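Provided herewith is a single structure, encoded as structure tokens, for subsequent inquiry.
Going in written order, the chains are labelled A, B, C and D, and every chain counts its residues from 1.
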Amino acid sequence: MAQIAFIGLGQMGAPMASNLIKQGHRLSVFDISSAAVSALVALGATAAANPAQAALDAEFVITMLPNGDLVREVLFAADGVCSALSPAALVMDMSTIHPLQTDRLIADMQARGFSLMDAPVGRTSDHAQAGTLLILAGGTAEQVERATPVLMAMGSELVNAGGPGMGIRVKLINNYMSIALNALSAEAAVLCEALGLSFDVALQVMNGTPAGKGHFTTSWPNKVLKGDLSPAFMIDLAHKDLGIALDVANQLHVAMPLGAAAREVYSQARASGRGRQDWSAILEQVRAASGLVGKH
Amino acid sequence: MAQIAFIGLGQMGAPMASNLIKQGHRLSVFDISSAAVSALVALGATAAANPAQAALDAEFVITMLPNGDLVREVLFAADGVCSALSPAALVMDMSTIHPLQTDRLIADMQARGFSLMDAPVGRTSDHAQAGTLLILAGGTAEQVERATPVLMAMGSELVNAGGPGMGIRVKLINNYMSIALNALSAEAAVLCEALGLSFDVALQVMNGTPAGKGHFTTSWPNKVLKGDLSPAFMIDLAHKDLGIALDVANQLHVAMPLGAAAREVYSQARASGRGRQDWSAILEQVRAASGLVGKH
Amino acid sequence: MAQIAFIGLGQMGAPMASNLIKQGHRLSVFDISSAAVSALVALGATAAANPAQAALDAEFVITMLPNGDLVREVLFAADGVCSALSPAALVMDMSTIHPLQTDRLIADMQARGFSLMDAPVGRTSDHAQAGTLLILAGGTAEQVERATPVLMAMGSELVNAGGPGMGIRVKLINNYMSIALNALSAEAAVLCEALGLSFDVALQVMNGTPAGKGHFTTSWPNKVLKGDLSPAFMIDLAHKDLGIALDVANQLHVAMPLGAAAREVYSQARASGRGRQDWSAILEQVRAASGLVGKH
Amino acid sequence: MAQIAFIGLGQMGAPMASNLIKQGHRLSVFDISSAAVSALVALGATAAANPAQAALDAEFVITMLPNGDLVREVLFAADGVCSALSPAALVMDMSTIHPLQTDRLIADMQARGFSLMDAPVGRTSDHAQAGTLLILAGGTAEQVERATPVLMAMGSELVNAGGPGMGIRVKLINNYMSIALNALSAEAAVLCEALGLSFDVALQVMNGTPAGKGHFTTSWPNKVLKGDLSPAFMIDLAHKDLGIALDVANQLHVAMPLGAAAREVYSQARASGRGRQDWSAILEQVRAASGLVGKH
């Protein structure tokens, strides 16, 4: 069992720290809320007066904070982690922060002779309580191997995201997709309601198609991801159907800003000569618009 | 076995008509392409000189055409279907057209003493060949019951969408969702590439969350659809994460028009006082923006 | 003075017809509202039972209707204009309709041996009353010359838009720009309010810059329109400032969907290697995205 | 004539500092580029080894830097301005930075007993050379009065933006409007080209309407800004025209992301019951969507 500094005892951090104690680890904890600290002390943790004190003698340091500026401060301030940290320790930032900030943290720690990896988590505070979080580990093979026993005391599944900074990257991609998809789903559901169509019927149909199942596992794998742009469903037709949906929505006053933006993407794909390619070629269109073509 | 007029022998219509013949139905077919007509005659169909001739003595008339204007013309022109149609016949429009045009077709046919239902199809031309289309049937209970044996000669699954005009509505919702989602998926995939993250890792993670599985079956059923807006994941945090993704994307030149539109929706949700509600409350936000609140 | 058929006596049509009468023209009028017809008859017009009767003996026919479908019906229905029209007459469609519908009207009339030009109007119903409308004339040189005396009885300014269908095109471009600009102006004004800045101060500044004066007459003429993309204000910097504005707006909950869309356009310009070009090069970016490059 | 520290000798800063010298002021200058420093020394400035040295004995300190983080560093680092600054001096930040960062700078300086005002500039580096910049002064009445002689040595026009932080705010609003308008203008110009319409004709028309002249001085002052929402041009009609423009643009593959976003704003205005209000009521719509209604 390890000596662990845990800094940041909020809605997620508190139950995560609690699970580490239950597994037999020795914790020195810090938070700006003394109530949060007391709650952990009651479970067996030691209270630290500041991040430096928490980090003293630690084999692992875990930070679980609201943003990257706070992580920087906790690490590098006068009474910060680094002022007391052993070069042999491993710092794991489990916060959800800006990935380019993570990159700077990794570099700045390395420059000082310290080791930091990213390991943000998926799922909710209920999962944090139950110790069934999804751990998205970014780090060198050695860092991830060393961290795994500690991380798995808080979660039930660990994804090795493939290198330093990749944990926070995969978290960001996943959240981007699910958060924007949430807004798109709302547009479809509201159009459904405005059209007087049963949402149950819509779900019954969508859950058997890419509308409900997504494209990553249905329309893409055997098409664009293999370089095949031959049309199963042409971009011209997809553009037409999107136009009908927007026209109906605008007649019924249904707000469709994502759909409206999507139609312009299909329109640009047609302007690029892709009208008769498969709709999965939208991926190539967005790659081109982002300057990535030829950079594979 | 029935006497059926089939009008529109394109990429979808031709194999659908062919399957009807294989099942033993008697077909009288019309298309502007004489080659398309000849191909069906070779399989046992009778060629008609115009839609009227095709409709003569028909128990069922099927239209499978590129747009609603053509359907109108085929029905109502001087030599159109209605000039020879028996009031006892059932017309099934299987085309993908504007749903408000479908409504007008149904009303205009009824006013002339005829019966029309909508029955657009899902899936691809491969499925049309194999007779495994998804049939989205809109019509009265009586119309759907009567049409089912004929429709099931072309498909392997039939969804009764709940009333006249509902077949084309559910097709539109499904296509809207899948087509716009395709563009959103491309944004996420391209951001993944620009961030140097393995797409396989991203898929591994997303396929276990709403990002890959959708919200209709994960985050919504026990929350907003039951009137529960208590936060599992707050709109304020979703807005923050979307902001980070957009900031990174803009630094890396990745085009994110759907994500940018989505952030403004979340921003409006916050302006409406929903910042501390669950992210599934975006549904209520879009309903409100569309004037539907209080119209349940 | 001419014999004129005037069809469509709405908010704009009625005062326009009235001005023609005041100038000494003889009018035969038709509208579905008998009250509207009676009001004109009281001023000296003759009532027609249908468009055909109105067109009998007319030298000019003017249509001022809500949409293109109605114009088609008024022209081509059984009792429509064409059933009684002299091939020597000139039809002027002054409605605001879809320009591709205008093109079809022009072609269909020509195919029947008739002459139609477009002449939609600018300004408001107050200007229609005062006879000070802006006339946007599309037609052959001969048509425009012949129509001018009649048109100028309703307006104070006539722009020859350069050929058949060009009147409705310039109307559309103008309305597109002013309507979308209205929404953009609202975003700027609301951000101003949310920032606690006096709108009068903002106006004082903007009215001296392209923000208030527009780009067509300030930043473009000596730059991109002359092929000069050297930077006075770089796209990279414009993208940065837009990012600051969006960040502030999102912190303050100000809805900026147009601004958010604009930032993605600048981002795509940077992805295309235009970051260090002048911001007026956004024109070339949108041309490229629309497939127009190399088509000059 | 005053003793002035000038920090940041870039494309704008160098000619601004040069004009101060020409007017007789004594300058102590600092920049990370020694070449930039030497050029000013050749004109009569004194070179400083760091910001602190530059600030020694200064009556005024001017910062002209690329972003707010640099301004903070220049002020607050160990060898920063504040380590040598007299409490009697006035610091003028003329950089274009995030306005909420400006607010923090003002507060943090005040907490240390120092005085800082914002005074970003408008126009280009040509105007910086000529000493004809537009100065956007934010500060207390006393600060602005004291700064004016120094600022006017660099510019030909000074706008008192109304208080601390208001200079940077009005700069941001102005830039937001002009930068987004640039993208919107490109959409209109490209649609014009795709429609085969002469751009000169379009300009001739637009320069006589709000399309070219803007709404701030035309359609708004006597309408929405006075609380009058009675329709001169109804939102329903504006929404219709925008729909026609988008339909044509999508047929011609012209990219219209801003226009597409604008249509959804008008659609939401109609959903809010504003369809028959004047189009200037879009301002009230955006205010409501931003949570500002009732906050006047």
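Here is the rule we use: a contact is a pair of C-beta atoms (placed from the backbone, for glycine too) under 8 Å apart; a residue touches a chain by one contact, two chains touch by 3 or more.
Since this is a predicted model, take the numbers as computed values, not measurements.
Comparing chain pairs B-C and C-D, the larger number of C-beta contacts belongs to C-D.
Most remote chain with respect to chain D, judged by CA-atom centres, is B. Inter-chain spacing, taken between the CA centroids of chain A and chain C, is 47 Å. For the pair chain B and chain C, the distance between mean C-alpha positions equals 35 Å.
In this assembly, the C-alpha centroid of chain C lies 32 Å from the C-alpha centroid of chain D. Residue positions of chain D touching 2 or more other chains: 247, 253-255, 257, 260-261, 264, 268, 270-271, 289-291. Chain contact summary for the complex, chain A toward chain C: residues 257, 261, 268, 270-273, 289-291. Contact residues of chain C toward chain D in the complex are 96-100, 122, 124-126, 134, 136, 157, 159, 161-162, 166, 169-198, 201-217, 219-220, 232-233, 238, 241-242, 244-245, 247-248, 251-255, 257-262, 264-266, 279-280, 282-283, 285-287, 289-292.
Taken together, the chain C residues at the contact with chain B in this complex read 239, 243, 247, 249-250, 253-257, 260-261, 263-264, 267-268, 270-271.
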